[in-house]
Every structure is written in C-alpha cells, then in structure tokens.
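In what follows, structures are represented as structure tokens.
Look for chain A in each of the two complexes below; its partner is chain B in the first and chain C in the second.
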Partner chain A sequence: MIHECLIVGGGLAGLTAGIRCAEAGLKVAVVSGGESALTFASGSIDVLGSIPGQPVVRRPFDAIDCLAELSPGHPYAKIGREKVFQSLGWFHGQMAEVGLELGLASDCRENQWRITAAGSLRPTWLSQPATKAMPWECFHGDGACLQKVVFVNITGFLDFMPELAMCGLKQHPSFRSVAVEHFNINLPLEHGHGATADTMRAPQLASAMGDRDMDILARVLSERVQDAELVVMPACFDPDLGCNRLQKLRQRTGLNIIDIATLPPSVHGLRLHKALRNRFRALGGFLIPGTEVRHGTVDGDRVMSVSTGEDLLSADHFILASGSFFSKGLQSVKESMSDPCSVQEPVFNLDLHSWADQPKDFSSHQFLAPEGQNFVRSGVALNQSGQPMVAGKGLHNLHVSGAVLGGYDPVQECSGGGVAISTGWQAAENVICQVKGQQV
Partner chain B sequence: MNLFSLNGSGQNHDRSFDRCLKCTACSSQCPVSLVRPDYPGPKQCGPDGERLRLKSPEFMDDALKYCTGCKRCEVACPSNVRIADIIATAKQKYGDNSFKLREFLLSHTDLMGGLTRGSAPIVNKITSLKPTKILMDRGLGIDQRRSFPAYATKSFRSTFKSVASRQEQHARKVSYFHGCFVNFNDPQLGMDLVTVLNAMNIGVRLLQKEKCCGVPLVANGFHDKARANAEFNTSFCEQALESGSERIVSSSSSCSLMLREDYPDMLGVKNEKVQSRISFITRFLAGEFEAGNKPEMKPVNLKVAYHSPCHLIKAGGVLHTLKLLWDIPGLELQQLDSNCCGIAGTYGFKKENYETAQGIGEPLFQQIEESGCDFVVTDCETCKMQVEMSTSKKVLHPVNLLARSLMEE
Partner chain C sequence: MRRLEADVVIIGGGATGAGVFRDCCLRGMRSILVERNDIASGTTGRNHGLLHSGARYVVTDSHSAAECIRENRTLKHIAGHCIEKTDGLFISLPEDGLSYQQDFINGCARAGIPTEILTPQQALQLEPSVNPALIGAVRIPDGTIDPFRITSANILDAREHGGTLLSDTKAVGLIIRMGHVQGIQCRDQRTGELFEIRARQVINATGAWCHEVMEYADLSVDMYHSRGALLIMGHRLNGMVINRCRKPGDADILVPGDTVSVIGTTSTHVGRHELETLEVTDEEVRVLLEEGSKLAPEMMNARVLRAYCGVRPLVSLSSDGSDRTISRGLVAIDHAESDALPGLITITGGKLMTYRLMAEVATDMAVRHLGVSEKCSTASKPLPGALLSDQDKSKGKNVQVGGYSLADSSLPKTVAGSAVYRHGERAKDFVKEDSKWCNAVVCECEVVTRGEILYAVDQLNARSLSDLRRRTRVGMGPCQGEMCACRTAGLLAESRSDQIDALDTLQDFIEERWKGVRPVLWGDGLREAEFSYWVQEGLLGLGSLRQQATCAANAVDTTADHTTADHTAQDEERTA
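And now, the complex of A and B:
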C-alpha cells in the first residue's frame, strides 16, 4: 500500500498534521525516532506573547499582522492571521474529542497568564485543564487581582522548587504587593512501595499517590490555607487525560488550586502527547515508533521516497516535522573552534534561513539573553509559495512544519506550540488540497 | 566509535553512559517506574548509577532487579546511551549471583521443553492443576495466578520433517531459527511460516542444531550459559549461510534482536559473518513484497488490533509488520497505543513481579477489550501469552494471518 501522506516526526507538529490528514480521509502514517519536545514542555499552547520592541502581546492573532511586517520570513507570516486562528480553534476541538479540555480565555482571541515552575509569568493561549491559566486583567500593569499566593510542595520532591518560584514571582511588578508563601506537605505515598518523593520524577509521584494521600492533602490544605486566592502545586496528580483528582481536591478544600509543569518529564506535556496519539489512532492513522528516517531521494521537484538506511518508504506526499536540534531535526556542525557553526537539515539537506556567519552571532553567552539566541532562529526556509528548497529549487510534494522551520524564536516570542500546530495544519491542508485536486 | 570494549574476563564494559545529557527523556518512558515508584528509573539506574558503581560496587541498588529490559528507555534516549544493557550488565556483575532453582527452571526453556517430549498432555495437565500451582508458588516463587503456556504434543522440529524434503525444490532457500516457543508450544506458527515462504517460492531449512537464543538466560543471570549458546547458534548460522541459505529468519522479535544485536553488544560474541543476514521474519517478507515477490492473497475479513512488542520497536521493525498487514486484503486493522504488556519474558512469571507485570499491562488490556477486535496481532510469543491470559482475546502472529490469506476457503 502506498500512503498518500507520510510524516517524518511524531511531535506536536507531525501529529497535528497527521490528525488533519486522517480527518480528511487520507491514508497517512507518522514515522518517529525518539521523544518529542512535549516531554519537556508545559503542556500549555503559547501562540504569541512577545514581539521585539513592543509591549507584551495581549491579542496574539491580531499581533500577527505586525509580526509579519517586521519579519516576513516568520512561519506565521506565510500562513496569515485568520488561518492561524482557524487552525488553533480546530486543534482545540480535536483535543476535546479525546477528552482533553484545554482552557481558553473568556475572549477566545486573548492570551492568558501561566505561571512557570521558575516563577515567571508567560502569556499563553490554551492552558492545561489543571493549570487553569489566569485572565489577562489579573496581572496587567502594577496591580494584581490577588492578595496572597501559596506554593505547596510534597515533602522531598526535588523537581518543583517553591522557593525559586516565589523569588521569581516577587520580581514581577504586579506581584510587589502580593504576599507569597510556601510550605511542604508530608505524604506517606500509598502506592510508592516505600520509596520517598526525593527519588521520584513527576510521573512517578503521580502514580505513587493514592486516596490516603489525597485525604491528607485535603485536610492539611484546609487547615493551613485560609486566605490565599491561589494555591500552586507541582503537576503530579492526574497522569491520565482528565483532571479528576485535582478537581476533587478543589471541591473538598474550596481552594483555587492549580498544578504546574515541573522539571521534566512533564506530566502535562506527556498528557498532550497521549491525547494527540489517541486522536490520530481513532481517525485511522498509523504511528511507527523507533524508526528514524536517514535521507530522502529527490528527483527534480519531487521527493520520491525516504529511507531508513535499510527500507524505502514511498508516498505521494511527505511532511517533515522533525523538530529542532534536540530532536535531531537540525544538526550543528563545527569543524574546529575557530570555524563558525554551520547548521544542516540532515534528511533532505534543505535550504535554511541564513543568519550572520560570525561565530559570535550563533549564540549569546547569556543563557536567557533578552534578544534571544540566534541559533534558535535557524531552520528550514520556505520560498514564496511556501515550499522548502534544495539548492534554491522548490519541492512540490514536501511540506515542512514545526520547530525544524527557521525564522522564529519560540522561546523569546512565546510561540512554540502555536507555530507547531498552525504549520502542521497548513502542511496537511496543502496535502489535502493537492490530493483532492488530483481526484477531481 | 565502539563504546563497548571487552575487558580481561570477556565481559563488556560500557562507556556509553558518558554520553548522557541528563535530559530525563528515558525516565518519561519507563513502564516499571510508573507502576513501582520505588524503582528509580532508567536515568538513575543506568548512566547515573553506573558512574557510582564504577567507584564502588556498594552503590549497587537492589532495585535494579525490577528492570524488565524492555528497552523503551533506549528508544527515547537522544544520545544513544545503552541504558538497558548497562542495567542488565550491572545486575549480573554486582547482583546476587547465587544459584536459584526458579531462575534456572524459568530460563532453561529448551531444557524444559525437551523434558516434556512425549508427555506434553500430562505436563499441561499438571502445570494447570491448582495444587501444582500452589506448590510452584510457595516452593519456587512462580506466581500461581499465571497460566503456563501449553506444550504441544509434537515438536515443530519433528512436524517439519513431513515437509522437509520438498523444500529443496525451491531455488531460493532461507534457514529458520524457530526458537523454543515455536518448537515446544506453537509448532503451527512454524508450519505457517513454511506455507507462506513456499507460496513465495522460497524453501525453508532448519539450522542443523539450535539452542535457546539466550534471552531468558540473560534475564535470569545465566550469562555464561547464554554466551555458550550464542557461540553455538552463531556457528550453526554460519554453517547454514555457507551451505546455500541466503538468510536466517526468526519469527520471534526477541530471538532475532538477541541473535543479531545482543550477541556482539552484550555477550561479546562476534557474529559479523552472519549479522547482516539475520532478519526478523516481517522484515524479510516486507522486503520481498516490496521487490515484487508477493503471493496471491484472498481477503481475510477480520477485525484485528495490532500490539507492537517493545523489542520490535527497539529494533525498528514495527514498520515491516505494518507493511505486511496493510497488504492483506479485507483486513480491518487498528493500531493499539504503544504500551508494554508487562510480561517481559520470564519476568512476569515471578511471584514478586506479578502485580507489577499486570499493572504495566493494564492500559493495554483495557484498550484491547474496548477495541471490539476479533483477534489481537503481535510478533512476540511472551506478549501473546500475557495478552491471552489477561484479556478475553486470542492472539495471532502476522505470519498466521498471512497463512490464512493464502489458504483455500
């Protein structure tokens, strides 16, 4: 059987593209090598939170016009404001189909705030049900809608650091007058087989907790927290798709409790990946794990097949969604210390966004440099018609999406999830359009 | 770069832990650490622990025994750290290596199978009796809730004799490493494999002799025995290839991973003369189909759910099985979410692991029951045992399905 569409990479972009193709009735398979960025991500979907030289973005879709003018090579510029909105709305619905109710602001074109484990506030668009992002007005300007926030950790758990989060939050202008406190709760960990939280990662902690632990949490929280409007805990409650245990805890204590992603592995990120897989399978898509594509064969303006080194995989269309450096979608090569870093897309050797070739421009020594890191912006470039190129020549049946694309900075812009979803959706739309066009 | 180097005693010493980036990707995928949070997970037990164990064996953590060797951590690792191999080697090097009867019985699958020859119905009856189960449970620590695979009345090797001579009519020939399970428990799978290959005009030979591939031996700490078997099997594979077989095929995903990759990597047994010509059967068949050698197939009007075994994922072989299943006309194929079934060879038979094994498999069992399928399809014999024991469904091998699509109605 020849697939109508073969997708390389099973992260957020690849599976989004796969779901859209399968929904349109195409025969589609996703080939994926290893873990995706979602294992490390917060599970919230950021669309656009920051444009250089502008105030923090409240209405991300409206801001895309401005962004497109400033950087015409940005992936959003190619798709356009309304289609980005359409694709993300569609994504929200797809996740709801498999029981993952991602949270929107009451005005669905607005951002909301999410608190990170390091205690910073980031503008995001969709939040995990348990994380319950806060409305924009909450932290706008100097005031905050809260008087008191309490961080609560499970005694011994090392991947969530309330002291750090507290210090971070206090630096935010709107938190100056907010009281921020923290304490730990000691739990027996009913299903932990005697192990203590200090040896566990968040997903393990989630499975170690039993009803007895939830009882203790409910009792201690009710006793110790009376006047806080917000209680922040590590995401370690519900390893599955719903947020039942946390919801119950909220009901029992009457407190506004949220849980936020810890150091990886992230329970929320893994949940999002599971929801994507479930939806893709339910629509009849196939996911081929543990299989890495080594290179692609190009003939003229078409990709003929991709190869794993041993096997050839043929398809009418291909979508490359292989992620950034960590996922091996991009590779950096440095022959010697004095040479500049060069970046490659290893499967097709696609043309990349150019950036100044001075080595110092590749990265800044300041890890969280305000202007961002240049290497983050490197990645695949698309031509006027949105096609990837090999040596300047556009490819018809290859579509590229997600973090392997260049010309944007997910970290600095707060745009990683939105770019992955909208470009994945757009890639699928291109394929659907061409396949259906041929059928007519 | 070869990160394994042999030390004086012939054991592998792995330095791949040096490549660990501390990213925790491995820990996100370990099925054991979720069900047993007292198992510290692959990062801690593998690369982190190895650093300490090199300083002093006192850092050996008893919890390493809970690792099933599923290798899901290795699939997740972006840096090719051989996490599961590091753990397996550490268990052997620093663990309790005193002789244990239970481990001996569970791991010597060829010996146990051989002893049942001629007495299979009696043995099946005995192992399924309540008192025997209680005895095995109390005396040996083999969990009484576990059902034992039934032994066949006639082994595959003797059943094969009836078709052996006509194999030589085919110009092309492959040699089949059938393994213990096909020989003693599921000769039908072996015969189906012969039927399918013959329909593609390929003759099947057996190795002149074969012993257990060694997977259960390694898992139970009998490394020296495993190494001896590896040398034995490798030499008979060499002999088969020298005498006209173009390939060695195996219908077990675990046996083939062992024969091909783990002999040199984990046991230090050189197999470079045969390595590239050992294939898991679906890899071989998918290649033949691709090249145009596809038998004529009739529709198989069944609804099946495919479960991918951990070791097949690790070997990058899911693609080949899916390619074959996609090609069977009429088949309604559904893919199950990748989830370890929990049995991990002999692991789940041990009393102390029973709950863990069933806990790991639970999400899979639930999916299977909800799928509404007629059959589950999978490539691994122990996955088959586990799924048949834990769900209401029967399990077929992809080769069984292919044979069905050939047979006259």
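And now, the complex of A and C:
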C-alpha cells in the first residue's frame, strides 16, 4: 500500500501531523517504534514559559516574536506567532472531539500554572481537565488568593511525594504565607486483586480503584479538609479520557481538588497519548505500532522509502517525528574508544545543529543548571525553506517535526509540547499543500 | 562552648578511621569518631573495591604483598557479607610476553600467595569474558569487597559497643596544653556550632588529608597524592577479577562487584590544593577504555555508567619520582616519639585492604599510652552482618535468622536476597512481613526497599540521599537514581523532617550523580541522562525550584518585616 504521507514516530509531533493529514483526507500512516515520551510527560501542553534573561512568560504567543529575534534558528521562528497559535487552537479542538477537554486560561492567549509533584510551579498553556483552577494571578506576585493547600496521597503510593512537594511549594514567594499540610488515605483498592498501593505505578493504581475506594476518598476528604481552597492529589483516578471520577469527587466533597502528574508512567501523559491515537484512527489514519524505522533511502532531493529492517515502506511524502536521544531519533555514537562521540540522525543522516563533540561541551557542569543542557538543544537543522538537508542539500518531500529538531530547549523554555504540535501541524500543512498542488 | 569527653577521639570516617573506632570500642575505651562529611566519602569510597590477594605487589613491593594476603584471609573471615570470593586471574597478552609471569609466580611463592598456572583454554573456561588472545594466566585468591558496607559495619559495631559517631563534624584544631595534645576543636558542619572534645589520645586517620591535622600542631609530612580514575560499566562483565600480568600500569585491573564491573586505574600526581576538585578527564576515560578492553573485549560494547576518581594517600619516604614505586605500605606515626608531642597518633598510607591492620597498629600505640591491657580482637570477631555462612547467603531467600525464616515469607527472592546480601543477618531488622509498607521496592535497579531505607536512617546514621546510597546502594544502578532519588527524598522527609531538607539533599544527590555521568555522556548513558532531565527538570521542575528560592530570597529583602511576622504566626499555628 502506497501512502501519500508516512510519518516516522508516534508521539505528540507525529500523531499531531497524522491527525492533520488524515483530517485533510490524505492516506496517512504513522510508524511508531515503542513507548512515546508522552508516557512520562505531565499531560499539560507547554507553549513557552521562559526566555533567557526575562521574567516568566505570561503571554506565550506574544513572546514568540521576542524569542524569534533572540534565536532565529528556533522552530517557532520559522513558523511564526500566528500559525503557532492557530495550530494549538486547532489541536485543542481535536482533543475535544474525542472527549479530552484540555483546560485553557480565561484569556486563551495566557499561560496558567502547573504544580509539579516536587512543589515547583511551571508555566503551561493547556492543562489537564481537572487542573484548570490555576490561573496566572493565583501564584504571581504576592499570591494572596490562597490561605491553605492540602496534599493528599494514597497510603503506600511511592510516586507522589507530598512531603517533598510541601518543601518545594514553600520555597515559592507567593506561598510564603500559605499554610501547606498533608495526609494519607488508606484505600482497600477494590480492583487491585490483593495488591497494595506500594507495589503500583500510577496507571495500575488508577485501574485498581473502585467505587468503594471513591466513597472512602469522598468521606475522608469531607471529614478532614474543611478550610483548604486547594486539595492536591496524585493523578491516579481516571485512566480513560473523561475524568469523570475526579469530577464526581469534586462534586461530592465540594472541594477544589486537582490531580497532578506523578512520577512516570503518568496517567495524564498516557491519557493524552490515547486521545491522540483515538483521534488519528477515527479520521482513518493507519497506525503501525511496535515498528522501528532503521534506515531511509534518498535519491537526489527525494526520500524514496524507509526500511524497518524487514519491510520497505514507500510514500510520496515523509514526516520525521522520531524524537530525540531517548526515543533514538538522535544518537550519540562513539565509533571507537579513541574517537570522540558524535551526534547523528540515524535514519537519513540529516545535517544537525552542530555542537562541540567532546562529552563535556555537550552538557553543563551542573545537571539542573539555569542555562540548561546543550544536548537538549541538539537536533536536525533546517535550511532557509524549512527543509532538512543531507550534506547541505535540501530534501523536498521530507518534513521534520518535534524533538528531533534542534535549536530549541524544550525543558528550560517550557516549550516542548507547543513545538511538537506546531511543527507537526506545519509539516502536515506542507504535505497537504504539496499533495493538493499536484492534484490541481 | 560545649565540651565532650572521651578516652580516644578519632578523626576521619574512612575504612581506617572506622576500623580504629571499632578496635578502640572493643577494647573498652570510650571513643568518639568525627567525620567532616559522611563515612566512606573520601578515598575509601573511591577505589576498585578489590579484595587484593597481594599478587599485584609481589614483584614491586613484597612487604605490602605479604600484608595483603594476611588481611585477605582475615577479612574473608570477619566480613563475609562485604566480600565475594571470586578469585582472580593475572593474564599475559601477546604484547606482554611471558617473562614477567615467572617473576610473578616466584614473588607469590615468597609472599605466601597460592597460585595456579592455567592454560589460555582453562582461563577462558573459568572466565569467558577474558581476552581470548591471552597466552597465559595465573589464578590467585583475589576477591571483591564493598568499601561502603565494610566501613558501615565497623561503625555499627563500634556504636553497639558504646562509641559515638559525629558525622558532618570537622576537626578544626588540636587542643595542645603543656606540650600534650588533649583533644580537638570541632565544628558542626550543619549548624556551624564550635565545640570541644577532650580526649587522652587523638588518632588522626584522615588518610590523604592527614597533613591538614598535623599542621594544626605545626608538624609536616611529605604526602604524595596520587589520583586514580576508574570507570563503572553498566553491567557485570566478569565473574572473576582480571589483572594484567605485567608491571603495574594504567587500567590493568577489572573488578566485578554487585551488579557492575569497575576498570581502573590511572595514576596522576595531584597537588594538595586540588584534593577537593577532582574531575576525570577525557584522556583518562580514553586510556581506561582502550587498555581495559584488552582485559575483556566485551567492554567495547558495554555501557559506561559513570567515571570517578580517588586520591591515594601515599607517603613519600624517599624523593624518588613516580608514585607506582612508592610503597603502598601503612605509615603509623606516634608523635610522642617522633615529635615529642604526646597525645597524637597519625595513621596513613596503606590501602583499603589493610585498613584493619592499620587500625590495629594505631590502636596498639594508643593503648600503650593509656595503660589499657586489652588485646586486639578485630581479626577474629566477625563484623555485624557477617554471621551467616556462604551457604546461607547463596540460598538467598532460605535464610533463617534468629528464628525468623525468610523461606516462609511471601517476599520475592530478589527482595529478601538483596537485603541479606547487603546486610547479612541484620536484614532481619527490616525485612518484616507484618508491616506491609516496609517491603515496597523504592529502587528497582538495586532492589532497595522502604524498610531498608528506614533502617539505614534509624540504625546506620544516614541523613542524606548520598548517605543512603553508601549504605544501601539506592540510586547506584543503571538508571542512576532517576526516580528512586525522588521517592527516597520523600521517605527521608517523612522520617526525619526536622533534620533534613529533603529538597536540598535531592538536588545534591542529583548533582553528585551527574558528576560521574558527565565524562561518559554518550550512547545509552546519554539516553538515560536525557530521560532523567525530562523527569527531574521537565516534569518536576527541581532546578527551577532552586531559582524560585533565589528569587524568594531576593524578594524577602524588600518585604522582610511583613513576611517574617506572617511566617512565625503560621508556624505556631501548625505546631499547636
């Protein structure tokens, strides 16, 4: 079967591109190698939260102009502010189509806050359904809108650390005068088959909970929490897209409960991944899971096919959304013991943003360094027309999106989700434009 | 100023200091050990973990060789739970020739080290990872030793015999009255409090840093600080220790240990002012990998987990150049005799292998001055945890300890087995079936349970994540503490929240792990590091917390009065 578009990578960027292509009526397939990085993501969509040397970004789309000026090689710079906004708005709608209502700030061009399991506050643009109570004013400046926050964990569950989160939250200026407390609730875990919470990761805990557990949670929360404006719990309630249990718990207790991403695997991240796959399939996209693309064949300025080692997959257009090092979209290789290591894009051997090749130049002295890590910024470089290159020569029918791209720092900038979505969407738009152009 | 009193105060919590501490306590002396950081955090924790047979030194340093083989046998008896009796090979490669092998065998015979000459085929059969190009091999009784565990066991025994451990306590001066050393001045590194310990004997067991204590009394010693770099491979490549049968050189020993293998070392002279800022260089990494893969070619394809280095506290007794020619022998100085300064003893030089002997020598010096008649018993009394026989240990789950049988437990063998492997019969103190939360696995790589963490906090004086790592191996496996570090920090906060800032210790731990990963950041190591970075910074925002705190500190300046008042009110409210 010849696809009009074949996408390498089934994470946020690849599936976004796939959904857009399928929506436009293209015959599209996504080849996915394994676990997506979404498995350990927060499930919120960050667009832009930080620009070096500037205060935390409140209006991410407006800040893109400034970012583009500072770093013209940034993927956002190539797409432009309005298209980034357009693509993310479109994405929000697509997720709603399959029942995942991601939360926006009341001004949809503004960021909101995400509380992390270590008590840090990270700016984000779209939040998971139950997390929408975190408008910007809440924690900015003197943050007087809260008196008391309570962290509640399930007894024994190791991947949510309330004590740590409390320490973290108290470090933030706007929480200095806020009372922060915590307690645990012991649950029988109705569907846990006798296993206890201490042996479970968040998704297992979510499927182990039954109505009886929810009853206990509702009763204990109502009894023990009276005066807190915010109750923070681990995201371990709803493995499905609707978030009904947490909504119900909020109604029953009358409390403002939010569930936040735990240590991986994260229920929020898995939920987002599920929503993406559902939407892609619903639009007629073809998903090829568990298949790693190893090599691509290039003829002149065109990609002809990609190979999985066993099969040869052909298509008119290709989108590379293979992720960074963890997902093996990029590799750092040491050819021999005496050679320094070099970074490569393994499928097409695309030209990369160049970084010094000694391990130590590739990273910062501190791990949690304010200046970030260089290895995070490495990746595929694009030419003036936005095409990837092999030995300086642009490829016409290959488009690149997501973390395999270089020139940006998803972690320090808080831009990973937004770059994946906007570059995925843009890659799809390019393909659609070329396909429709040929048809005309 | 607060003042403590003791018969003996020991400075330095490495293997030697811990050994002196135990020896003194077993001989009935009231003893205090001060350590500026944590036990085994200096040279002790930064070596191969090789239980030398002494064979390495038979040609160059026969005295050290004889010491090693004696202690080798002693430690197998008293510290079984810290040791794996792997045996070792000395292999000759074509480029080495066989001429050294004869000198080597003769030397072993002189030192009393048993040898068995093997054909290349026999060697390959015994140890399949060995370089198949070898032209000869000799089997000797090398083994592996866990330096953290043995230090911890010595400390535990000393404390159970009345000793007091003061970690995070730095000796900042000697109290000298009328030409006698009568104790030390100390600083609590956490609170900054200065206090005194009065003692009749001060034993300086600070190893590579011993000149600092001696300088408090205007004494000097000619230390030759030799840095050795090592690499930890991501999995266990070899069952037996593999040595190169030639004159000691770079990267000529590959030591297995627990779940990993360690290749080392290099040898570079460093100045005394560089002791606190050691970093492994790219060149050292290259040499270790190139030379190391000649011992076991599989190393070429293995992941390098981390790089680290330590400093040998060699004492230069002659002015002769290279450090490989300086004796690894112990140096014990009774300053009463050598400098007419009674009350101070310095024990340095030597090596991990001879820590117990060094302790015995130093303690013997001390008892002479104190008029204590009790003889040394550390060579015959097993350490806590070493009471189980090898047979018991190998059965893992089927261990019976004090009427409690792990065989009857429903625990997975890996959980019970790891606990017994690390803590011997003392595992009974935390492997409990009745308390279900104790057996939750916190660190999957090394199978460390919540119970083991809490035991290390309560019984083994662990106060930070790095302390816990040294006592339990938490965060030492292939993932380098990606998630278990966060879980463990949560547990620490839960257990001792008054003394530990869980976030500080988590951030310190992450940075300490990074120091070792950074020089070997390629391949799967980089993938793992990227994943850690996403989780710890992207998902949890641990780094931005530090920045938020800095912002907060700056903001406090402008609004100081108001917020301080608020804060106090809040604290009172919560206490009430």
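Remarks
Here, the second predicted complex is superposed on the first by the 425 of 440 C-alpha atoms of A that agree within 3 Å, B and C clash if a C-alpha of one lies under 4 Å from a C-alpha of the other, contacts with A are read in each partner's own complex, and residues count from 1 in each chain.
Heads up, the rule we're going with is that contacts are C-beta pairs under 8 Å (C-beta built on N, C-alpha and C of every residue); 3 or more make two chains touch, one makes a residue touch a chain.
What you see is a predicted model, and the numbers here were worked out from it, not measured in a lab.
Once the two complexes are laid over each other on the shared chain, residue contacts for A:278 go to chain B alone; chain C is not touched.
In the overlay built on the shared chain, the residue A:264 is in contact with chain B and with chain C. Residue contacts after overlaying the shared chain place A:410 against chain C, while chain B stays out of touching range. In the overlay built on the shared chain, the residue A:326 is in contact with chain B and with chain C.
Which of chain B and chain C touches more residues of chain A: that partner is C.
When the two structures are aligned on the shared chain, A:158 is found in touch with chain C, with no touch to chain B. By the touch criterion defined above, A:199 lies against chain B and chain C together after alignment on the C-alpha atoms of chain A. Contacts of A:90 after superposition on the shared chain: neither chain B nor chain C is touched. The intersection of chain A residues touching chain B with those touching chain C, taken from the two complexes, comprises 40, 199, 263-264, 326, 328.
Only residues 37, 40-42, 116-122, 155-156, 158-159, 161-164, 167-168, 171-173, 176-177, 179, 181, 196, 198-199, 261, 263-264, 266, 324-326, 328, 331-334, 337-338, 340-341, 358-360, 362-363, 365-370, 373, 375-376, 410-412, 416 of chain A touch chain C when the two sit together in their complex.
Those residues of chain A that touch chain B in the complex are listed here as 1, 29, 31, 34-35, 39-40, 189, 191-195, 199-201, 203-205, 207-208, 239, 263-265, 270, 274, 277-278, 281, 286-292, 308, 310-313, 326-328. Residues 23-25, 27-29, 33-38, 40-41, 44, 75-78, 283, 286-287, 290, 308, 313-316, 318-320, 322-323, 326-327, 334-335, 337-338 of chain B touch chain A in their complex. For chain C in complex with chain A, the touching residues are 282, 286, 289-290, 293, 300, 436-437, 439-442, 450, 483, 486-487, 489-490, 493-494, 497, 501-503, 506-507, 510-511, 513-514, 518-523, 526-527, 529-549, 551-552, 555, 563, 566-567, 570, 573-574.
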